[in-house]
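Presented sequentially are two complexes of chain A, the first with chain B as partner and the second with chain C.
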Partner chain A sequence: MTRKLLVGPFNRVEGDLEIQLTVEDGRVSAARANSPLFRGFEMMLQGKPPSDALTLTPRICGICSVSQSKAAALALGDALGAWMLPQGALAAAILHGVENLCDHLTHFALFFMPDFARPVYAGRGWHDRAVSRFTATRGAALRPIVEARAQLFHIVGLLGGKWPHTLAIQPTGVTRAPDARDRIRIQTTLRAARRVIERELFGAAAEPFAALQTVAALESWPGGDAALFNEISADLRLDTLGVGPRRYLSCGAYPLDSGRVTASGVWENGAVSAFDPAAVQEDLSHAWMLGDAAHPAQGATVPDEDMAGPAYSWCKAPRLAGRTVEVGALARQAVDGHPLAVALASEGSVRARIGGRLLEVARLLTWLDRWAAALEPSARFMGDAPATADGAGAGLVEAARGTLGHWLRIERGVIASYQIVAPTTWNFSPRDAGGVPGPVEAALVGCPVGDAESTPVAVQHVVRSFDPCMVCTVH
Partner chain B sequence: MNVLWLQSAGCGGCTMSLLCAEAPNVFDTLGDGGVSFLWHPSFSEATGAEVLALLGALESGEIPLDALCFEGSVATGPRGSGRYHMLAGSGRAMLDWVRALAPRARHVVAVGTCAAYGGVTAAGGNPTGAMGLQWDGRQKGGVLEGGFVSRAGLPVINVAGCPTHPGWVTETLLMLADGTLGAQDLDGYGRPRFYADHLVHHGCSKNEYYEYKASARALCEIGCMMEHLGCVGTQAVGDCNTRPWNGQGSCTSGNYPCIACTAPEFEEPGHAFTQTPTIAGIPVGLPSDMPKAWFMALASLSKAATPKRIDVNAHSDRVRIAPAPRGQR
Partner chain C sequence: MSQIETFYDVMRSQGITRRSFMKYCSLTAAALGLGPAFVPKIAHAMETKPRTPVIWVHGLECTCCSESFIRSAHPLAKDVVLSMISLDYDDTLMAAAGHQAEAALQDTIDKYKGNYILAVEGNPPLNEDGMYCIVGGKPFTDQLRHAAEHAKAIISWGACASYGCVQAAAPNPTRATPVHKVITDKPIIKVPGCPPIAEVMTGVITYMLTFDRMPELDRQGRPAMFYSQRIHDKCYRRPHFDAGQFVEHWDDENARKGYCLYKMGCKGPTTYNACSTVRWNEGVSFPIQSGHGCIGCSEDGFWDQGSFYNRVTDLTQFGIEANADKVGATAAGVVGAGIAAHIAVSALKSAQKKTQSKEEV
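Showing the complex of A and B:
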C-alpha cells in the first residue's frame, strides 16, 4: 500500500520545514525536503558597502548569528587582504565556541530529546524517565540546561556586547579588548557552566567522555542524560535509523594564529581527503531559482516567482565534486580523526549524530578553558581596518550545524555579488539534476511509519538528528 | 493567558534571545505569571498535524486565543501572494494565516523589528515585499490595516528590537496577562513605553567621551562613536545601557555603534552602518530634540576643553591614562 504524507509545520528545528513522504508498506520510500521560506539576503547585499555585510549577515540567523558574522568577517578579510590579529582570532574563537556549545545544548534538551517523552512510547522501560527529564517546556533537564546556556551567553555579552547579532567580529579582530578582569569572569562563567553540563549531561567529568575511543565504550557510558540517550537508542535501534551518505565535509573549526583547531577535509570510508572549495557547485534544478548550476563565486540568486516544477524548495542543492556530503558536529569530529567519531561516522545514523554532538560538547569545554586562559589582556585585539578595495574573497567557518561559506565580490567599492552556502543547505538540499536526493532525503528512506501515523515519530527523530537550521538554509 | 507564537520571515533570533531570560529562566518567568503556550515553534512538543488541528480550532474560534505573538516579518511577495512563505504542511501562505488569526486574538504582539515594521527582511530593495503586521516601515498599514485593533481594543503591540531583549518580551506578556498594559503605555510606533521612553544613550559607558566629543575613529578605539562610527544611541529608543544584555553587555559596551534597531527602517540608514555621514564636516543626525546651533557651540567648547586623559583614551583600545585620585594629581 502506498500513501503520501505532507509533514509540517515541523517544529523544534530553527525555522519552518515541510517534508513530503511517500510511504510504501510501512516504510518511507521517498522523501522531499522543502525549505518553505525565502528572504533574499544575497539580493539585499548587492550594492551595499562591504562592511554592511557584518551588520546584515548575522541577522540571517538568530541561532548561528556568530557563525554568520565570522564567515562574513573572514570573507571580507580575504577580499581586502586583511586578517585577524592572533589575540583577536582567539577572542573570536571564544565567541564562536560559546555559540556552538550553546546550540548543541539547545538542540539536545529543547529540540531533540522531548520526542522520547511522547505518549507513543508509553510502556517502554525508559519512558517515565524521558517524561520526567524531557517533556517539552516542563522536563527537569530543561531548566538547568536553559539556565546554563543563558549564563554561557554572558561571555558573549561581555566580549561581544550581546547575543545574537553582535558586530564585535571584524576582519582584523574583535572590537573590544578584554582586560584581566574580563578574562577571569569568562573563566568563572565557563567553570559554572561546566558544573551543570557535567552533572546533567554526562554525570561525570567531560574529559573521560571526550576520551571515549569506541562505540562500545560510548554505549556503556554510565552517567547523566548521555546514558539515558544510550538506553533509548539501544531500545529503538537509533544506530540503524536515518543513515546519511556517510561522506562528511568539514572546513576545520576555529581559525587561530596556529591554524584551525580541527582538521579540514572530506571523510569517506575511513579516509580523509583534502577539501577543495573550488569543487563546490550549487545545483538549481529542483530549487525555485532561475539560472544554471554554478560555483558560489559565480552564482546568483534569482527566485522563480512562478515556483514552477519540478522544483519543490527554495533551497539550492550544493554538491561537492557532484556529490552530496553531510556536515555537522559528527562530520567535524570524524574529519578531525577522533576515534569515537570515526567509528560513529561509519554508522552514520541518528545515534551517530547525537553521539558526535555530545562528544563535541565535551571537547569544547576543554577548548574554551584553554582559549580563555590564553587571552592576553595587554595584547591588541584588532588591527587597522583594511581600506576598501575591489576584490573577491571567501570565508569558511564551522557553525554548530556544519560548514558555512560566504563568497563575495567587491566592485567599485560596493558588494557586487554575495553568495552563502549554509550547513543545512548541504544537509537539506533538494534533488539535483541527476535526481540524487539530498542527505536528509536519502536518510529518511526506509524510515518506519505506523499505519495510524500522520506525523511519523521516527521521521521526526531522523530530521531533528541533523539539527536543521532552516533560516540559514535559504537565507 | 494563552499564547500562540508564529514565526515567519525573520531569523528566529528573538526567540533565541527570549531563551536567555534569567532570574528566573524563561519558562518560570512566564509560567509563574500565568502565561502559557498553546504552541511555540521552538519548544512545544506538538508538530505537524497536531499543530494544523490547533490552528484550525483557533481560526474557527473553537479555542479562544488570548495572545498571538508573531516573530519575523510577513513576506507579501511574489506578486502579493505571500508564497515566499507558505506555512509548512498547511498549503496556505503565512500572510493568509496572520490575517485570519489576528482578528481572533485578544492581543497581537509583534516580536522584533521585522514583525513590527519589516526590519532587516525589508532591507536592500525588499526582495520579498516584507512588511510588519501593522506597519510598513514608518508608514502605518502593514499586512493588517493601519487602524487594526485586537479584540481587547489595542493596536499591534510592537516589541521592536533586533533582536528583542528578553526582558522586553517577557514583561510585555506579563503586563498583558496582568491587565496592566493599555494604549497609553505604547509610544507613537506602538512600542511599550517601559523601554521605549529611554534612550540607548542613557547609561552608555562612553558618556564621558560623549561629553567632550572625544571621538573614536576606528572600532577598536574606546571613544564616543557618534561623530565618526555611525552610533545613533542619542536618538535610539531602548534601555540597553541601563538594563544590560546577556549579563553585562550592550552594543556600545561591545565597542560597536548603536544602529537604532528598535526603529522602523533602521535596516536602510542610507549610509554604511558603521560610518557617520557628515555634511560640511558636521555629523548628520545629532540628538533630535536639541537645537543644532547649541549642539555645535557646546561641542566645540567641550572639544577645546578635553582633558588629555580623555583625548588619549578615546583613541586607544583601552584606558591608557587612569583618572588620578585626588591628592595625586
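Showing the complex of A and C:
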C-alpha cells in the first residue's frame, strides 16, 4: 500500500517546514523537504555598503544571529585583508560559544524531548518521567533551562550590547573592550549556568561527560536528563533511526589567534580529509531558483516566480565535490576527532546527533571557562579596518547547527554579490540534478509510519534530531 | 466563555506561590510606570478576570521577537510564555504539530471569537499571491486575515510586523508588507524594534491582559510609555555628546573612555525606544554600552538609510521637533554637516520639554 503524506507545518522548529512523504507498507520510501519561506536577503544586499552586511545578515535569523554576524565579519575581513585582533577574536568566540551552547540547550529541552511526552508512548516505562520533565511548555525541565539560557545571555549582553541581533562583532575585533569587572561577571555567570546545566542535563560535572570515550560508556551514563534520553533511546532504538549520509563537514569552530579550536575537515569512514571550500556548489535543479549550479562566489539568487517543477523548495542544494554532507555538532566533534563522536559518527543516527550535541555542551562549558579566564582587559579588542573599493572574501564559521558560509564580492565600494550557505541548507537541501536527495530526505527513508499516524512520531524524531533552522535555510 | 479560568488560577496551577504572584504584580506596576497603588488593582484583576486568550502567529520573520520575549527579566515572564497567558496557539513553542496545530488554531478562534488578542510576529509577503510564506499549505496572508477577523485587537511585534524590517529592504523581493497595511479594520498596537526589548513586550501584553484595553498610544500607534523618548535623551553617554567628546576610531582611547558614538554613526538621536533606560538581556546592557552605535532598529525604514556607520546629520531641526512621526520620517544617515551646530542646538534643546502627540484608542 502506497500513500502520500504531507507533514507540516512543523512546530518547535525555527521557521516553517513541510515534508512530503511517500509511504509504502508502513515505511517512508521517499521524502521531500520544502522550506516554504523566502525573503531574498542576497538580493537586498546587492548595491548596499559592505558594512551593512554586519547589520542585515544577523537578521536572517533571530536564533543564531551571532553566527551570521561573525560569518559576515570574517567575509568582510577576508575581502578587506583585515583580521581580528587576538583579544577581539577571543571575545567573539565567547559571544559565539554562548549562543551555540544556548541553542543546544533549547533544542534538547524545548524542541526535541517533548515528542517523547506524546500519548502515543503511554505505557512505556519512561513515559511518566518524560511527561513530567518535557511536556511542551510546562515540563519541569523547561523552566530551569530557559532560565539558564536567559542568564547565559547576560554575557552576550555584556560583551555585545544586546541579544538577539548583536552588533559588536566587526572584521577587526569587537567594539566592546571588557574590563576586569566584566571578566569576573562573565565567569560568575558561567559558573551559575554550569551548575544548572550539570544538575539538569548530566546529573554530574560536565568534565567526565566530555571525557566519555565509547558509545557503551555513553549508554551507561547514570545521571540527569542525559540518562533519561539513553533509556528512551535504547527502548525506541533511536541508534538505528534516521541514519544520515555519514559524511560530515566542519570548517572548524571558533577561530582564535592560535587557530580554530576544533579541526576543519570532512569525515567519512573514519578518515578525515581536508575541506576545500572551492569544492562547494549550489545546485538549483530542484529549487525554485533560476540559473545553473555554481560556487557561492559566482552564484546568484533569482527566484522562479512560476515555482515550476520539478523544483519543490526555496532551498538550494549545496554539495561538496558533488556529494551531500551532514553538518552540526556531531560533525564538528567527529571531525575534531573526539573518540565518542567518532564512534557516534559511524552510527549516524538520531541518537548519534543528540549524543554529539550533549558532548558539545559539556566541552563548550570547559572552553568558555578557559576563554573567559584568558580575557585581557588591557589589550586592544579591535583595530581599524582598511576601506576598500574592490575585493572578494569568504567567511566560514560553525553555527550551532553546523557550517555556515558567507561569500561576498565588493565592486566600486558596494556589495556586488552576496551568497550564504547555512547549516540547514546543507542538511535540508532538496534533490540535486542527479536526483540524489538531501541528508534529511535520505535519513527519512525507512522511517516507520503507523497507518493511523498523520504526524508520524518517528519522522518528528528524525527531523528534529537535525535541529532545523528554516529561517536560515532560505534567507 | 464562562469556563475560562483566571490568570491567578493558571499561575497557581503552575505552582507559583502567592508571594511570587504579588511580586509579579508590583514589578509589573513599576515596569508600566504605575504607582504602588496600582499593585492591588493588578492583583485583583488577575484574580478575578478570565484570562485573555492570545494567538501568536509567525509570518516572514526570524523568530527574534519570540527569542527576546522568552528571556525577559520580568519576574515570571517565563511563566507568561510557558503558562500564564497560555498562548493558545504559537507554532514555535506549542506541543501539537501539523494538522493538529492548524486545528488548534481554528478551535481557539471559534472558542474565543471576538475576545482574543492576535499577536503577529513577522509580516506577510504579498508578491506572487503570498507564495513566499506558506503556512499549512496556504499563504500566511490568508492565515493572518482569517485570525484577525475575530480578534479583539492586534499586537504587531517588532519591526517586521510594524514596518516591514530588513526583508522589506530594497528591492523588497517578496513585497513584505507591515500588518497594518493588510489588516485595516482592527485596533493595532505597534511594538517596533528588531527585536523589541523583552520587558517592553511583557509590559505591553500584561497591561492589555490586566486592564483589558490598549495602553496609551502615540500617533504612530506605539505604546507611549515605552516609545516617547529618544535613546539619546536618556543615554548614559549623553554628557560626552554635550561636551563634544567623541569616539573617532574603533577602540581608540576615547572609545575606552566611553565617549559619545555619534561620529561612529549612532542613530540614538533619532530613535524612539527604551533601550537606554530599560536596557537589554535583563537590564545588562544595550548596544551603545557595548561600544557600537544605535542602528535605529525601532524606526520605520531603518534598513534603507545608507550605511549604518554614517553619522546622522540633519539634527538641527530636532531641537524644535514636533513629534516622533516627523523625526522618524526625516532620520537619515547622510554624511556631512557640522557637529558644532548640533551641539549648540543640543544645549538649547535641553531647556525644552519635549511633547509627543498622543491619541487614545
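By our rule, the second predicted complex is superposed on the first by the 475 of 475 C-alpha atoms of A that agree within 3 Å, B and C clash if a C-alpha of one lies under 4 Å from a C-alpha of the other, contacts with A are read in each partner's own complex, and residues count from 1 in each chain.
Basically, contacts are C-beta pairs under 8 Å (C-beta built on N, C-alpha and C of every residue); 3 or more make two chains touch, one makes a residue touch a chain.
Note that the structure is predicted; figures quoted are calculated from it, not measured.
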(Q) After the overlay on chain A, what do you see for chain B versus chain C, clash or fit? (A) clash
(Q) I'd like to know which partner A:His165 touches here: chain B for first, chain C for second, both or neither. (A) both
Q) Counting only touches as set out at the top, which of chain B and chain C does A:Gln187 meet: first, second, both, neither? A) neither
Q: Using the superposition on chain A described above, determine whether A:Leu17 touches chain B (first), chain C (second), both, or neither.
A: first
(Q) For A:Phe381 in the superposed arrangement: first (chain B), second (chain C), both or neither? (A) both
Q: Show which residues of chain A both chain B and chain C reach, each in its own complex.
A: 6-12, 14-16, 18, 36-40, 43-44, 47-49, 51-52, 54-56, 59-63, 65, 110, 114, 117, 135-138, 142-143, 146-147, 149-150, 153-154, 156-168, 170, 173, 175-177, 303, 305, 307, 314, 380-382, 384-385, 454-455, 460, 471
Q | chain B residues touching chain A - in the complex, by the definition given at the top | A | 7-17, 19-22, 25-28, 37, 39-52, 75, 77-79, 83-90, 120-121, 123-125, 127-128, 130, 162-163, 218-220, 244-257, 259, 261, 267, 271-275, 317-318
Q | Residue numbers on chain C that touch chain A, as the complex places them | A | 14, 58, 60-68, 70-73, 78, 81-83, 87, 91-102, 125, 127-128, 131-137, 165-167, 169-174, 176, 194-195, 249-251, 255-256, 275, 279-282, 284-292, 295, 297, 303, 306-309
**Q.** Residue numbers on chain A that touch chain C, as the complex places them
**A.** 6-12, 14-16, 18, 36-41, 43-44, 47-49, 51-52, 54-56, 59-63, 65, 110, 114, 117, 135-138, 142-143, 146-147, 149-150, 153-154, 156-168, 170, 172-177, 303, 305, 307, 314, 380-385, 454-455, 460, 471
Q. Quick one: in the complex, what on chain A touches chain B?
A. 6-12, 14-18, 34, 36-40, 43-49, 51-52, 54-56, 59-63, 65, 106, 110-111, 114-115, 117-118, 135-138, 142-143, 146-147, 149-151, 153-154, 156-168, 170, 173, 175-177, 179, 303, 305, 307, 314, 380-382, 384-385, 454-455, 460, 471
